[in-house]
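The first chain written gets the first letter, and so on, giving A, B, C and D; residue counts start at 1 in each chain.
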Amino acid sequence: MAVKMDKAATRELITRRAEQEIESGFYVNLGIGMPTMVANYIQPEKDVVLQSENGLLGIGRSPYEDEVDPDLINAGKETVTAAPGAAYCDSAESFAMIRGEHLDLAILGGMEVAENGDLANWMIPGKMIKGMGGAMDIVHGSKKVVIIMDHVNKHGDPKILKACKLPLTGKGVVDRIITDRAVMDVTEAGLVLVEIVEGWSVEEIKASTEAELIISDELLEISQ
Amino acid sequence: MAVKMDKAATRELITRRAEQEIESGFYVNLGIGMPTMVANYIQPEKDVVLQSENGLLGIGRSPYEDEVDPDLINAGKETVTAAPGAAYCDSAESFAMIRGEHLDLAILGGMEVAENGDLANWMIPGKMIKGMGGAMDIVHGSKKVVIIMDHVNKHGDPKILKACKLPLTGKGVVDRIITDRAVMDVTEAGLVLVEIVEGWSVEEIKASTEAELIISDELLEISQ
Amino acid sequence: MKHMYTSCHEAVKEIHDHSTIMVGGFGLVGIPENLILALVESNVKHLTVISNNCGVDDWGLGLLLKHKQIDKMIGSYVGENKEFERQVLAGELEVELTPQGTLAEKIRAGGAGIPAFYTPAGVGTPIADGKEVRNFDGTDYLLQEGLTADVSLVRALKGDRHGNLIYNKTARNFNPMMAAAGAVTIAEVEELAEPGELPADGIHTPGIYVQGLIEGKQEKRIERYTVSTHA
Amino acid sequence: MKHMYTSCHEAVKEIHDHSTIMVGGFGLVGIPENLILALVESNVKHLTVISNNCGVDDWGLGLLLKHKQIDKMIGSYVGENKEFERQVLAGELEVELTPQGTLAEKIRAGGAGIPAFYTPAGVGTPIADGKEVRNFDGTDYLLQEGLTADVSLVRALKGDRHGNLIYNKTARNFNPMMAAAGAVTIAEVEELAEPGELPADGIHTPGIYVQGLIEGKQEKRIERYTVSTHA
C-alpha cells in the first residue's frame, strides 16, 4: 500500500526524522533547502551548535524585522541571527573545521545516492551548472553524513541506485539516507534498510529502490 | 692596513650600515642577536613596521619597567612593547606573511655565506643542535635578505666562501652581505664588492674572502 | 601609512585589461560595492575574476558581467545570475568551478606562499579530472595549487591607516584570504580609524597585506530576506 | 557546553603513556603552566611532545624532561635547556627539528584536514633529507605532512563555556593551531566567561576545537627581561 502525502507533509516527515540524528553536544552543518528546515525541529533541550560554512559557528533563529543585519546570513543567503556564544570566522577557517572533521554531522540534500555511499547532488549534464558550493568539502569533513531526499524522483524512478549516473559530489561519503519512505545505512556489507515509514511495505521499498537492500533484523517502523 | 675595532664598535658599524637597507614604508624582520640591534638605529622619520615571527606586526621600543607584560615578547624572547597600529596574530599567520613574501626585508646573522647566496647560520656538526627556529622560513620569504656578520671568524678565517661547509639554512637565498669590512651583493654574475669600510684596501678584502669577488665599478667607501 | 585613495575611480586604476582580480564576499555580503561600481565605469576588459559567487544580474559582480568585462570566472557557486548562464552557454565566458572550501584554501595558500596542498574534496568527481590524486594513510586526496591575484578588492567594517582591517559578522568570509593573496590589495572600509584605535588583538587582516584604502558607504542589498514573526 | 574540569589533574587524565601531545607557547609565553605541572605529577611516560620550544630547566616542558617523561620532541628551537642537551647526547631523547614556520603550518594543516603541503623552507638543507622535492613554476619546494595530536594543551586569556578562546598579545602564537589539531583539546584559561560575553567577531579559537576547560592562575616567568630606562 503506497502512501500519498503532499509536499509539505513529506518535507516535515523527513526533516523531523532527520532531527533525531542530532544529539546533544553536536556541531552540525545543515545544507541549503530542505536540510536547513531541520533546524526548526531541533528539540530545545538539545545543546546543538549549527555551523554555516560562510563563517558562522552558532546559527540562531531568523531575526525579527528590527534585528535584520544584512551582514549576517547563512550559507543559503538568508538573513539569520547568531546564537549566544557564537563565533564568526573566515571561509578558510570555516572549511578547516569542516575538512578537519570537527563537525559531528552534516545533513544534506541529494539527487542520487549509490549503495556504496556515492553521492550526486550538484549537477545534471546538459543543464546549466551552477556550482557545487561547499558540498564537496562538507561530505568529506563530517564524522557522519546524512542525506535527506525523496525516495523517488518526480517520474517515480528510484534515486537510490546501484551506481550513480550523475557526476559525483563525493565517493563513498554517505552514512545514512533518510527519505519519505525509509531510512537506510551504508555499511561494509551493503545498503541496509533500518526503518520504514508506516504505510509502506518492505516489498514496496525494494521495488522503488534500484540498489540492493539488506533488511535489518531490527527493522523499525516510523509513524507518520 | 687592517683596522682594529672592539666588538661594540664593530657591531655599531655593521648595524648602522644595515639600517640604511631599511626604506620608509618597509615591513622588516630582524633576526635574533645583532640584527635586533638594528632597530636602535632606525631613523625616526622612516615609517617602518618591524615584524616578530612569534606573532607581532609592529614591534615598539623596550618597555619601561612599569609597562612590562610577560605575554609580550619578541622572537628573541625579550620583553617588548607594541607600536601604535600593531596587530597580533598566530604563528601560522605570522609565517604566512613571511613565506608569502609580504616582508620587504629580513636582516639576519650568518656563520657562512657562499658566493651563490647559500647561507649557513644554524648548526655546527658535532656541537649540540639547538634548532633553526624561524630562519629557514624567513630566508625564503622576504623580498630581500641581508646577512650581517663579521667578515672573518675568530680564527681570522673567511666566512664568505666559494661554497658553505656547514649545513645550509637556505640555498641561494642571500641578496647582500654586510660585514665590518665590506658590503657585497649576490648577483647572477657572482659576488660583487660594492662598498668597503674606510681603512681597508680591496686587496685586504680579497685576501680575507674565500669567494671570488667582482669589484664594482662604483665601489663606495663607508666611513667609520 | 598606507595610500589613501581619494576615490574608487583612482583605486581601480590598479586594474588593467587582462588583470586577474579577487573580489571578496559571499553572495552579496561583504562585497566591495563601490570598488565594483568604479570598475564597471573604468570599462577595463578581459578580466579573470576570482570570487565565490558572481553577484546578481543588477548588483555586485553581475554588473561586470553585464558590461562583458569578465573573460573568466573562478568561483564555487554562480547560480544567482541569468546573464552568467547566457554568456556561458554562448561561449563568451569561461568558468572554472572549485569546491568552496578548496577555493578558500587555494586563496589562503596563495597568500601564504604555499604553492600547493592536498585536499579530499573532489576526489572521484569531475573536479579531479587532470588533477594528481595521491594517497596518504589510506585516503585519496587531490593536489590543488595556490591562487594569487594582481589586485584584490576587499571590504571591511573598519580599517586604519596602517591597513589593519576588521570585518563585520559573516561579511568576513573570503575577504581576509584575498587581502593576503593580492599583489595589490585595496580595502573598501565603512569606517576609517587612526592607528591604535583598533584593538591589536582583534585585527582580522594585519596591515601588511593591504596597499591602499578607500572609505565607502554600503547599500548592503539582501538576497533572501528571512524573518521570524513575533509570537 | 563544554566539560569544565574541576582540576588540572583531572584534565590531564586524557593523556596516557605513549600519547602524542601538543603544548602551546613560544618560549615560556603562552604555555599552559598548570596543565604542565599536573602532567609532571601524573608521571605519564614515553610522551611525544610537539611544541615550538621545550621550556627551561626548571619551568614549562623542561619539568617533563627532568622527570624523563618525554621520548620524542618535535620543535624548532630547543636551545634554552641543559637537560635537553644532556638527554639528546645520551641518546635518551629523540628530537625532530622543524623550521618554525613549517611547524606552525604542519599543525594548522593537521587541524584543517590537509594531509600535506609544499613549502620552500628547508630546500637544500638537512631538513630536506628523505623528503620529496617538487618544482612549481621554477622554484623547488618540500612536501611536508600535517601533524595532529591525541591531546592538545593550550592556554588562553579568556574562554567561555562554549569553548571559544581569546589569547593575549604574543601569548597566542602556536595555541590556536594546536587547539584545532588535537583530538582532545584542553584549554587552560586565565578567565572564564559566560557564552555571549566574548565578542563573536573577536574569537581566536572557535569553541568547536575545544573539548574541555580549566581555569588557572599563571606565574608567567620572563626569560629575557629587557627594559628601557626613562631618559
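A few notes on this one:
Basically, a contact is a pair of C-beta atoms (placed from the backbone, for glycine too) under 8 Å apart; a residue touches a chain by one contact, two chains touch by 3 or more.
Since we're looking at a predicted model, the values are computed, not measured.
Relative to the C-alpha centre of chain C, the farthest chain centre belongs to B.
Chain pairs A-C and A-D differ in how many C-beta pairs they share in contact, with the greater number at A-C.
Averaged C-alpha coordinates put the centre of chain A at 29 Å from the centre of chain C. The distance from the centre of chain C to the centre of chain D, each centre being the mean of the chain's C-alpha atoms, comes to 33 Å. Spacing of chain A relative to chain B, judged by their CA centroids, is 56 angstrom.
With centres set at the average Cα position, the gap from chain A to chain D is 36 Å.
Among all residues of chain C, those that touch two or more other chains are 105, 108, 112-114, 119-120, 167-169, 172, 200-201. Shown for chain A are the residues that touch two or more other chains, namely 82, 88-89, 95, 98-99, 140-141. An unclassified topology is adopted by the chain contact network, corresponding to no line, ring, star or complete arrangement. Across the whole structure, chains are in contact as follows: A-C, A-D, B-C, B-D, C-D. Those residues of chain D that touch chain B in the complex are listed here as 26-30, 52, 75-79, 85, 88-89, 95, 97, 99-105, 107-108, 119-127, 157, 167-177, 204, 220-230.
Listing the residues of chain C that touch chain B in their complex gives 1, 108, 110-114, 160-162, 164, 180, 195-196, 200-201, 203, 206-209.
Residues of chain D touching chain C in their complex: 105, 109, 112-120, 136-137, 139, 141, 145, 166-169, 172, 199-202. Looking at the complex, you find that chain B touches chain D at residues 52-56, 61-65, 68-73, 76-80, 82, 88-92, 94-96, 98-99, 118, 123, 128-138, 140-141, 167-172.
Those residues of chain B whose C-beta lies close enough to touch chain C in the complex are 27, 47, 49, 51, 57-58, 82, 84-89, 93, 95-103, 140-141.
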